[in-house]
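Both of the next two complexes hold subunit A, though its partner changes from subunit B to subunit C.
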Partner chain A sequence: MFYKLILSITLCFASLMVMGQFENMAVIKGGSYTPFYGTDSSRVVLNDFALDTYPITNAEYEDFLGKYPEWNKHRVIALYADGNYLIQFDENGNLLPGENPKAAATSVSWFAARKYCECNGKRLPTLDEWEYVAMADETTADARTKTTFNEFILSWYEKPKTSSQSIGTTFKNYWGVYDMHGLVWEWTLDFNSVLISGESRKDTKKDNNLFCGSAAIGASDLMNYAAFMRYAFRGSIKAKYAVRNLGFRCAKDIPAN
Partner chain B sequence: MIHQTKSREILISKSFLLFFAAVAILTFACNPQPETAEQKIPHDNATIKVEGKMMADMSAPPYVPAPVGNRAAKNLVVEMEILEHEGTMTDGVQYTYWTFGGTVPGSFIRTRVGDEVEFHLRNHPDNKLPHNIDLHAVNGPGGGAASSFVAPGHEIVFSFKVLSPGLFVYHCATAPVGMHIANGMYGLILVEPEGGLPKVDKEFYVMQGDFYTKGDYGEPGLQPFEMKKAIEEDADYVVFNGSVGAMTGDNALNVNVGETVRLFVGNGGPNLVSSFHAIGEIFDRVHVEGGDLINENVQTTLIPAGGAAIVEFYVDVPGDIILVDHAIFRAFNKGALAMINVHGDANKTIYSGKIEEGIYLPEGGTIQEMPITDEAAAAAKEPLAALSKAQKIEMGKNVYMQTCFACHQANGLGIANAFPPLAKSDYLNADVNRAIDAVLYGLAGEITVNGKQYNSVMTAQTVSDREAANVLTYVYNNWGNNGTEVTDEMVNSRRRTSAKK
Partner chain C sequence: MKTLKNILVLLAVALYACTPNTENANEQNIETQRKNTIGETLPELSIYNLPSTWTTQNGKDIELKDLQGDVVVMVMIYTTCKAACPRLVADMRNIQSQVPGANNKNVKYVLVSIDPETDTPERLKQFAIDNEMDSNQWVFLRGSENDTREFAAVLAVSYKAISPIDFSHSNIISVFDKQGVLVHQKEGLGVDSKETLASIIELSNI
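On to the complex of A and B.
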């Protein structure tokens, strides 16, 4: 097993060499914003970074499995992926008939997603990066106060079984990034940095400064509701979980000139 | 003498007792009153031993699992699956429900005091959202919610011992809590006392809930949840068991004369308190708020959101018992109406049936209407796209199910001696303008339909020309009627003609 890990790490670096710099990625101009869980004093500052234009597809993940068979479902280390891992693939890493190769690769654990990005010379986006890009609608970088935008997000939360849809079928946002909302949930590097216990009424009493009381329980505006559901989802998952509606995309730093 | 001595002894012992009692009172007066052994407190139930393990029998509404009877407390395994799926709110209106066990309300859980429940909560892999469960029957953090947060495609197991007898609500408590409840995530768990509840003939499971949709009541299509209305507590639907008509028509509950009926009634909310009432029945016994307190001879019992009641009644006469929220617009305009069909022989002493009826209109038969605004009048003039006959029939059915079916019934047969039939109706087929007028202006007085006399009142219906045309076309093209197609213009011309009168 140890040799395999060494091997996979080596292979990772090998494939790095041939990758283009920011192929199929959108350049996101850094900036600062106040995330949902923050207060005015806790603005987040981000540097420029690049983000995959689309979520990783089943077809792309199939290629990855061909190169790194140790991530096939019957070989993966149990600590790294639970029993739902890759239910759309067979044991040899082939996509099952009837599954859409152009759909987002879901039922992938955080460990697997992180490894995929690593092997492509990238990394998972941070929670703050992901939320920053997700604020944008087609025309504006921060559309969080638009009613229609929030209604669109909320309506997807209510709609089961969208994971088999092809990538690119939702909208292209301000940054040129597709499918941030309306297709699947997505892993982030530090998905569990904001802890929600699931007992949401309790969270509001916690003196953890993550939720000002009004944002959490008194949330009357749709913006907070939409975000709150995202955070609740993230709070319910663990790094080894594989979930039918949870996919991922990768990010990359842009070196300062 | 012996007798005297004895009585003195008794006297002495009595005074000794009195003295002792006085001392006892003085002593205890300073301390809190100790609980006597006779006071049954639920915490005692924590010591009840369980014997063996069994799977809980779960049931979908309106039915409940078999009574626990006098079985011993057990290790009870409950398996509950969470499903998010699309369902029908009312004819033509779809809604995405989030459910415990696939139904609204969720599966009924039946336990007895002392049971140790091993709860398996499963979140279906196709679901979008994490969920959890807060059972009001649980003593512990969040009623179980703190331990049951479960991601899609995963299962959580936790256990609790039920201590207090009664009928309790369970619901999802994941953020945003109101939305999870508003989408249907609630149900009931019953904890029966030692030896079970008294035996009855029929038991049913009824739970009220309020729903908030983007479109107003009856607006067709898949209707998304509307957060703004939910916060303003402005419900579009108030229903029993998750949808309009879940227990009317073919889905009505059935009982027989002479039976005792027990209803386990819950209110999931999220917002509205129910004034639960049975039209044509008096509740003999009500377990107020689902607890130990029993009230008798109750007309309407209040069921708080997140609360429940057990109501019991003996059925004396045949006919329909209508269950409603007696905040009555909810019943007739928002769907909070269910029906129990009682079969059996009449008892004329208890209920005579109609003896005589005439028309009494002290202020004349004029129907009062709200004045029409200029905007509404202008909007009414906008020409509407023409509809095919098939479209009319389909849309007309929705109008019928919302407006007409309570009296004329879903099958158009009406109700004998009260509401005339629309099915194969000679009166209807003879004169289309008369039928249009009946819808627009109502109808009162004696008429003969299919050889039978009716002397009743139909009120004027506040419907648009188009709705009237559609519903009449629906009626004329069903149940053996003559297939007349009524147009918007026909209705409009009757409106103008009659207005000139």
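On to the complex of A and C.
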């Protein structure tokens, strides 16, 4: 038992060393930007961080299930994942035939996504970090005012079943990150910081409806509309939900100097 | 040096939490996890499955499962809050005063801080005294930022720092049964507490 512990600690150290080099991650230069917050607009300042180049795939998640079988769907407790968790896997954590191993791992709850990142020495990106990287098109860090960019995002929102597509099949953005738009929606660490409401101190379901109406009237351009869709989605999900078009990727702090 | 030590401690904790076990060892772990201290199996939906550690207003470190056995009425607040929290706190006090004394013996009223950086145990203690919530029926909890975010996710409470001293947050009072399963939630301020009260009384009667 003791020997096993030593071995796994050594292995863990070895894998930490590899991850220390930000393998398969893009380095994102921090900065400040104005996010879409409904009426709560304010500039957000971000430090440098690293973000996975691609969303986590089914194959990678299968590997995780092999190492941490307690996250298999028949083992995970109901507090951490609802009944739709891992519908593309069998009970023993094998990807079902017909499922694409290179597609983004979806139907994963927030708890599971967070655990996956933690066990790889990483964390989920914050909502602000994710949105910051998602502003970029192929050539510009902030492409939010470009009509073509917004049309691309919105046309994806209308396309069904993009979640079964392989990762890397959409564009590589300014930071070298793929698939921020076009395949799946993604969990963020603080997805539950979204308060959808006309009056930000109260966010009952009734107010959700109220905000939908007012935002549709108030949203003056496509940029706000696309962002609004994402924020509204985040505001409507719970941490144990597993959704077929909702995947994730991991992030990591970059130590100063 | 101290930083290095902290990093090593953190690393050790991280390694422990994420060390892959053999299949058998895992089975055992899961079994142990699902048994509580009394030896009964915890329901899967119980918040007492969460492994997080919290500090009370009296500076005592507790795990959520230490609350097991009582009906728990819970709300997330922060002490520097000027707008909604005083109303929420008033709602909590109203509820507490309307639960019959015999039932109240089986009920704990728990206030979890969404601003762990500001809300030190001392500050929470002062808040408890100022708001006449200084009996052992009132528990104030402060955890790490990560655990607080997780706990809010479980309660479906949303919150966001909008300035260094101000937060937006959902106004939700949650009621848990003696096993830590969420039974009832009341959303909004100054909303009729009749259903919340009924659920507390029913659960604490058993």
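Simple rule for what comes next: the second predicted complex is superposed on the first by the 212 of 257 C-alpha atoms of A that agree within 3 Å, B and C clash if a C-alpha of one lies under 4 Å from a C-alpha of the other, contacts with A are read in each partner's own complex, and residues count from 1 in each chain.
Methods note: contacts are C-beta pairs under 8 Å (C-beta built on N, C-alpha and C of every residue); 3 or more make two chains touch, one makes a residue touch a chain.
Because the structure is predicted, anything quoted here is derived from the model rather than measured.
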item: Touching partner for A:Arg43 - first (subunit B), second (subunit C), both, neither; value: neither
item: Touched partner set for A:His74, first subunit B, second subunit C, both or neither; value: neither
item: Which of subunit B and subunit C A:Tyr157 touches, first, second, both or neither; value: first
item: First (subunit B), second (subunit C), both or neither touched by A:Asn84; value: first
item: Which superposed partner A:Asn245 touches (first subunit B, second subunit C, both, neither); value: first
item: First, second, both or neither for A:Tyr225, with subunit B first and subunit C second; value: first
item: Contacts of A:Lys29 with subunit B and subunit C, given as first, second, both or neither; value: neither
item: Contacts of A:Gly235 with subunit B and subunit C, given as first, second, both or neither; value: both
item: Shared subunit A surface residues [contacts with subunit B and with subunit C]; value: 200-203, 235, 238
item: Complex contacts: residues of subunit A adjacent to subunit C; value: 4-5, 8-9, 12-13, 40, 42, 67-70, 75, 77-80, 110-111, 114, 118-119, 121, 189-190, 192-195, 200-204, 235, 238-239
item: In the complex with subunit A, residue positions of subunit B that touch it; value: 84-85, 96, 125-130, 132, 141-142, 145-146, 148-154, 173-177, 179, 183, 224-225, 227, 231
item: Interfacial residue positions of subunit C with respect to subunit A in the complex; value: 14-15, 17-23, 26, 29-30, 34, 44-47, 49-50, 83-84, 149-150, 152-154, 156-160, 162, 168-171, 187-189
item: Complex contacts: residues of subunit A adjacent to subunit B; value: 82, 84, 87, 107, 151, 154-161, 185, 196-203, 216, 219-220, 222, 225, 228-229, 231-233, 235-238, 241-246
